[in-house]
């Protein structure tokens, strides 16, 4: 495989000429399409059912989040990040808060960090459950969707009890937490863990050994670890290709080094491996949650952060392992109350680059499977 | 006047299908009955599919329109009829108009030969099964033209997919059917039959459902047919032509309102049609369970009471649900409605106990019960399986079902002809 | 029944002849190969109609109804299937090379 | 043959259905050769074929009717539609529809029609060459009788022809694949 970076889309050789050497079929998938997860538009060039090339058109959900940041104070911008990856809002907030904390050279107190980890991992569960349901729905299995949504509901209930919001939680503040964990938070989390463990087996029963599921996912959308690194693909997609790279282990943040967990990896880099990796990640998340809930220390939940934040002049890049991959924030401060520039490295946006490489030469149905397996959220792609 | 009454009554004693008796009055009555029954079955199927699927998926399904959503299909039908009929500007208008009617006609016409009982068929054709396969294969024309006439990419891909799919699976289906027709020829005259009634009568004469004939050959044939019929009706897991996540709605993407509902109607009646073929060919058609092992007037009575008891049981379920309805003024109408529905079921059940009705209707009941089992299977598939990809679908059709069907046909022929073959071999080796 | 309205074999033959002529006109005058092939199907069907009508008329040697005509019709349908498959195969090959489906542009044996 | 086996129910309204179906067939045939759009032609042809299947039923040839529906309407015509969709037809619709020798073609057809009329009006000793046929076997035996002619050891006149026909189909399949495939 040649290095994809050295090739422009035109250079990539098409796998086959059309059957009749004549008009290839160009179809426009999206932005209104049941399986493009929002407003992704994919222009497919087809030879019958075979994909000869595709082009992603993005930007239908562009809200200028990065530009908004330049006109808001650091605190005011915090809720905006929730709207990027809206199915994993807690992770977004964690990344942003930690980045600003790094800029301010403060660190959240241990108790806050533990609660942050619990909520983030719960959100990883929720994100993966939503992914699993919609991915299975794309491939035609409609039942898992309802199973995963039933269980995701329990997570959202915990969020709601904690901070009043279910989706765009705005759970964290720069320097720690706004709210102390509510009465019975630990019990709720423990109950959830024991509730959801058998449910993951239930999902697996429906899918993991299902012959049609295997045929639809094995060997579909294969991407090698090398290509992943070349394209900057991160997260479960990268790990399913056999690269053991998880920022929680590689560059531990937010106390992750205190927890004992494994990084599940796959070998083949196909859709099935990505499915297995995500299922295993759900189990690892539960493991982290169990440990964190056992070991929540007492103490303050907010570090000493000035009311009016004026970080010193400088820049910072901080990235965390969001459910979808590496979520990075690059913040430049000019010493004023507002950031000079905020650049978000959204995992979905970068992962989406791999779509063409993974789909070329496959069939239309595989494009759907691959879009699903990349687990993109358009709010994050377009920002 | 007396002649007319005589004409009408003469059929009831003739013990023939209206078509065979040449009785136009009863033929018309049967056509109307089949049409109405089919429409009711489609409506019921619509409700049942949504409820059963919902309960498989830990949700309730329709609950608002009528008690337990019983009136939901009617509300939907009204909505569809009142919807604006949109024809895309660039569509081929004539073909766009005609296509849904082709599909519906093909799906309904096959019921001309479906035997709900030894006399309960509109007519019995000499080529019954051939007619059913042929006419149901016509629906592919409607689908192809619908996709083409929409003048849009998704419907076109859906149409190409479905035509390829239906044509491929017809081959495997035909092979399985031919193996059954071979089995019907195992009588003294050794003449088989293509007639639907004849096939069931052959099963009766051979004292065996063909699914158990030449075990496991009949069973394999049944499985081939059971897979092929799902593909033939474009249902999950072979629902690629209308794969929602890929092609939005496949060949009927551009259809709305009444025309769309015609496709819907056709899909469900086609499901019932192919299930009827499977029931007739392998599961003994209208024959009650164990017609030969459990013979005698006592058993006849017991089995003829089952239809009424089934309806009474359903009525009991409805009354039980009535008791469980929330005791709230808002639910009063619904509670009364559900009780009324239960009463209706109960009355039907009681009517089915009347001896004359009992004897005439029990065949229809057994046939419908077997078909209903298939319908449940369809819903179950939909709740369980992901969707096949197009190449995999073709692989299953051509590389699995077709060779199996061919081998099955040859084996069935060998087993069926083993007497003559042995005689031939003896003739050659010991002249 | 009125003698004029009674349907005899000749009625079917006349209908067959009419279809045959329509088919002939289609084959000889149309440019689009697909329609020419369809016209050939019309001709074959006209012949089939005649054969089946004859088979009703011809009682066989012992007057037991031998159905030779119907068997012939089945053979002709087989033949039509083969013809359509090969004809349309040629058509696709032709279209791939010349990007046209008009018969009068097929004037080269080689290109 | 047992005379009791011959059907006793006379067909009803035969002339009406004959003329109805004949009209449908003729109109369908005309549409086939005159439509610009090949899909419309194909639809007209399908109508003609189905009407013809109904005529076969009226001629007591149910098996041929069944084969007509399943093979012609369900098989060959789907193939036609498939090919029409594969090749682009938008352009051909705007072109000239009839070739230059259309006059010759119609003249030839007219000559042929004259021949048909001449033959059909010929009478020998006051009756036409083709009197009405009578059914001499039970309607329900049609398929079995055809099978006897095709497969039976004793009466299978056409067994060899049947095998040859299957060979023809095999050749056609291979031929079609070779023709349509770009690289073999």
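A few comments on the model shown:
Lettered A, B, C and D in written order, each chain numbered from 1.
In this section, contacts are C-beta pairs under 8 Å (C-beta built on N, C-alpha and C of every residue); 3 or more make two chains touch, one makes a residue touch a chain.
Note that the coordinates shown come from a computational prediction; the quantities given were computed from them, not determined experimentally.
The chain with its C-alpha centre at the largest distance from the centre of chain B is A. Comparing chain C-alpha centroids with the centroid of the full set of protein C-alpha atoms picks out B as the closest. Between the chain pairs C-D and B-D, more C-beta pairs are in contact across C-D.
Distance from the chain A centre to the chain C centre is 64 Å, each centre being the mean of its Cα atoms.
For this pair, chain C with chain D, the centres built from the Cα atoms lie 6 Å apart. Chain centres here are Cα means. That of chain B falls 35 Å from that of chain C.
Separating the centre of chain B from that of chain D, both taken as means of CA atoms, is a distance of 30 Å. Contact of a single residue of chain B with at least two other chains is seen at positions 160.
Touching two or more other chains at once are residues 20-22 of chain A.
Looking at chain D, one finds that residues 63, 67, 75, 86-87, 142, 182 touch two or more other chains. Put simply, chain B touches chain A in their complex at residues 53, 56-59, 153-154, 157, 160-161, 236-237, 239-240, 243-248, 382-392.
Of all the residues in chain D, the ones that touch chain C in their complex are 1, 14-15, 18, 22, 25-26, 29-30, 32-33, 35, 38, 41-42, 45, 48-49, 52, 55-56, 58-61, 63-64, 67-68, 71-72, 75-76, 79-80, 83-84, 86-87, 89, 92, 95-102, 104-106, 108-109, 112-113, 116, 120, 128, 130-137, 142, 145-146, 149-150, 157-158, 161, 165, 168-169, 171-173, 175-180, 182. The touching residues of chain C, counted against chain D in their complex, run 1, 5-15, 17-32, 34-35, 37-39, 41-42, 45, 48-49, 52-53, 55-60, 63-68, 70-71, 73-75, 77-86, 88-93, 95-96, 100-104. Here chain A touches chain B in the complex through residues 25-28, 33-35, 46, 48-49, 136-143, 145-147, 150, 206-207, 210, 212-213, 215-216, 363-366, 368, going by the rule given at the top.
Touching chain D in their complex are the following residues of chain B: 22, 24, 92, 94-95, 98, 125-127, 130-131, 133-135, 137-138, 140-141, 144-145, 148-149, 156, 159-160, 163-164, 167, 170, 191-195.
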